[in-house]
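The two complexes that follow have subunit A in common; it is paired with subunit B in the first and with subunit C in the second.
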Partner chain A sequence: MRALFVALFMRDLRLTLRRPGEALLPIGFFIVAVALFPLGIGPEPQTLRTIAPGLMWVCALLATMLSVSQLYAADHADGTLDQLMLGGQSALVVAAARSAAHWVLTGLPLVIAAPLFGAMFGLAPASIAMLALTLLLGTPILSLLGSVGAALTLGLRSAGVLVILIVLPLTVPALIFGTGAVAAVEGGQSAAAHCSLLGALLIFSVLTAPLASAAALRLAVE
Partner chain B sequence: MRLLNETVRAHMSARERALRGPGLAIQSVPQSSNHALHAASPASVTAPPLSALGLACERGSRRLFSDLAFELHAGEMLWVRGRNGRGKTSLLRLVAGLGSAARGQLLFDGAARPAQRRVVYIGHANALKEDASVLESLAFLLRIHGGRDDAAALSAALAHWGLLAQQHALVRTLSQGQRRRVALARLVVERQPALWALDEPFDALDANGIDCLNDLLGAHLQRGGSVLITGHQAVLAAGLPRRELDLDDCAA
Partner chain C sequence: MKLFTFAAPSRFYRLSGRLLPWLWIAAAVLAYAGLYIGFFVAPTDAQQGEAYRIIFIHVPAAWMSMVIYLAMAGWAAVGWVLNARMASMLARALAPSGLVFTLIALWTGAAWGKPAWGTWWVWDARLTSELILLFLYLGYLALTEAIDDPRRADRAGALVAIVGAINVPVIYFSVRWWNTLHQGASVSLTGAPTMASAMLLAMLLMTFAFWAYAFAVVFMRARAIVLERERDAAWVQGLTTMGHAA
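Let's turn to the complex of A and B:
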């Protein structure tokens, strides 16, 4: 089981490095989308500082959704998914490995890029640190939930949009607690409660999302 | 009377003859009488690696075949034939465990899917990644099935298929026939007398590739493995023992 996880995870990393352009698309979307807001809203520093956490969280959410809809599609189309599922019990490992690889390739770059934009929006260092922390806790949730949506819509024609419609409502709690934590730090309060709840959400997603993805994958190959 | 659909019945066991009695529905035969029939037939004391009882398969709302029954013994090749869309691929996927039958059951060594019975399934799709090299693709396929993936096994497999010179080439630079060879190269490393389910394995292979695959099939049957195969009969080597399973006979 561990060997399968490592084999899949390493394959995903290696294949992505062969096509770095594709891997950079979500982070490119994030950068462009975040950079557009000051142009549309106006350069008022106080306004930008207020909306920055929510803005970056929503853009991170959309960037993740853009890339997650194709999580299993290529493996499904070329027969790799069939081979992976032959073991019978390996659907769970497949879902876990794909979600983990997706987070490393999409979520982690967002966590790294967010502080740069925090500085651009004039956030205080403490707020920037909190933003990075909430994204660090939150982006794995997005990858895990996105993987469930991708598995459920596998083989459907309008899968890309459908994944977003299915998954976005599920990500609302993560969005609320993530932006709430940064707002609390901005307001001089403790963000411990928000972070704890976000951590609890992460643990819940880690425990349940791969199971749901695995069940959906088993249905998809039949 | 279409309870048993094998067109060539050279290997028909006493049990099968008994089951062909009038009005006896195979799927309703209880397990106990099943074993009793086995015991009565000295030729089949051990359960066959694969047997199907009253198998039916549906694709969407369409019934592909029903009341399909066959036995596949050790060291035997069963060639599945039938018109396009008759359910050849669906049958192989059922055997591989990718899907569930609408009715009936598949027994592996006489039991419903024991954990240790491994089916080597190579489907119509090659399961290769365009951006991976030949060597990486083969190593990945072997690794996910828990097979040997050391350098010696890999080069032996590639050498058998004449792919050593292309081992570092990316899959996207290969022709269809070469891709098929990479997908089938796994079979060289499979040394267990397991059940092979091969869906159109001869597709896109040239004459030399067909010989390569026939050699592997022959060696596998020699060591007591069994093969379920689809594709054109003309390319199967004449020396290989085979029976036919005609899905047209049990079209729903």
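Let's turn to the complex of A and C:
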């Protein structure tokens, strides 16, 4: 089981590295979307500082959702997914490996890019660190939930929009605790409660989301 | 009669056909009585004047929107676990009604908020969670409508409904927490400690009217789904030939 997980995970990384342009698309979206906000709202530093954490969280959310809808699509289209399932491989391991690979390829770059924008929006160093930490805890939740949506909408027309509609309401708690932690640091309070709750959400998602993804995958290929 | 007697679509079809007229009558009579008491008998509120009377539609609609989501998730889970077709069809039939009640609750809430708070919308915990409930209904409906194969649509919908139902408490408490932390609009709806008995009676009557309406309209929708899915079954074809003969 572990061998299969590692094999699938490495395969995803290798496939993506052969086409690095595609892997950079979500982070490109994130950068462009975040950069549009000062242009739309105005260069007022105080306003930008207030909205920066929420803005970056929402953009990270959207970047994840945009990329996650294609999570199983290629494997489904060329029959790899059917072969994996026919070969008696556990759908659970497939779902877990793909979610993990998705996080490494899109979530992690977002965590790395966020501090740069934090500085551009005038956040204090402590807030930037907290923003990166909450994204580190939060983006895996987004990848895991997104994987459920991607498996559910596998092979459907308009799958991309459907994933967003299905998954976004479920990501509300992660968004609230993630931005709340940064706001707490900005306000000079402890962010421990927010981070604990975000961590609890992460554990809960790790335990339940792959099960739901696996059930949806079995449904899609049967 | 056994527990699963009405799990057979044909038996459900016959039973619901017999119940439907009574449900519609109950809904109409209860709504008439409830609206009459609510609008003409219940006293004027000391603080809010006549505007509060929208409560008789707003609160039952909000209750129904939540109850129906749980009922939908419950039937969807039964349909998934026991592979019961009728349960899945009921779950599918419940969703549009739940969406409508959520919309009514939001709409009447906005209409009530304008005179009571001076604004159409505040990002209050209850309003925000009701809005997210609306999104959950939309996601369920969009997914089930997008899948052509009814079996896969039922199961995929069941997954979304169950995941949503598990998340509803988490979403509700996180939104409440968010709201208290941000201390935006400190509006509390619990400002009516004692309710005149006529108000309570009107609210109860309207709640029962909404229940009866929900049962009636969900049964009608479920009957339509049964007919569509079982169109090749002998008993459905029997219905049409009888119809022609009569």
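Heads up, the rule we're going with is that the second predicted complex is superposed on the first by the 219 of 222 C-alpha atoms of A that agree within 3 Å, B and C clash if a C-alpha of one lies under 4 Å from a C-alpha of the other, contacts with A are read in each partner's own complex, and residues count from 1 in each chain.
Following the convention adopted for this analysis, contacts are C-beta pairs under 8 Å (C-beta built on N, C-alpha and C of every residue); 3 or more make two chains touch, one makes a residue touch a chain.
Not measured: the values here are computed from a predicted model.
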{"item": "Partner chain in contact with A:V221 - subunit B first, subunit C second, else both or neither", "value": "first"}
{"item": "First (subunit B), second (subunit C), both or neither touched by A:L8", "value": "first"}
{"item": "Contacts of A:D78 with subunit B and subunit C, given as first, second, both or neither", "value": "first"}
{"item": "Which of subunit B and subunit C A:L152 touches, first, second, both or neither", "value": "second"}
{"item": "First (subunit B), second (subunit C), both or neither touched by A:L86", "value": "first"}
{"item": "Subunit B versus subunit C as contact partner of A:R19, first or second or both or neither", "value": "first"}
{"item": "First, second, both or neither for A:P169, with subunit B first and subunit C second", "value": "second"}
{"item": "Residues of subunit A that lie at the interface with subunit B and also at the interface with subunit C", "value": "222"}
{"item": "Residue ranges of subunit B in contact with subunit A within the complex", "value": "93, 96-100, 113, 115, 119, 121, 123-129, 131-132, 136, 140-141, 143-146"}
{"item": "Subunit A - residues contacting subunit C, complex", "value": "148, 152-153, 156-158, 162, 165-170, 172-173, 176-177, 180, 183, 197, 201, 208, 212, 215-216, 219-220, 222"}
{"item": "Complex contacts: residues of subunit A adjacent to subunit B", "value": "3-4, 7-8, 11, 14-15, 18-19, 74, 77-80, 82-88, 90, 221-222"}
{"item": "For the subunit C and subunit A complex, residues of the former touching the latter", "value": "132, 135-136, 138-140, 142-143, 146-147, 152, 155-156, 159-160, 163-164, 166-167, 170-171, 174-175, 177-178, 181"}
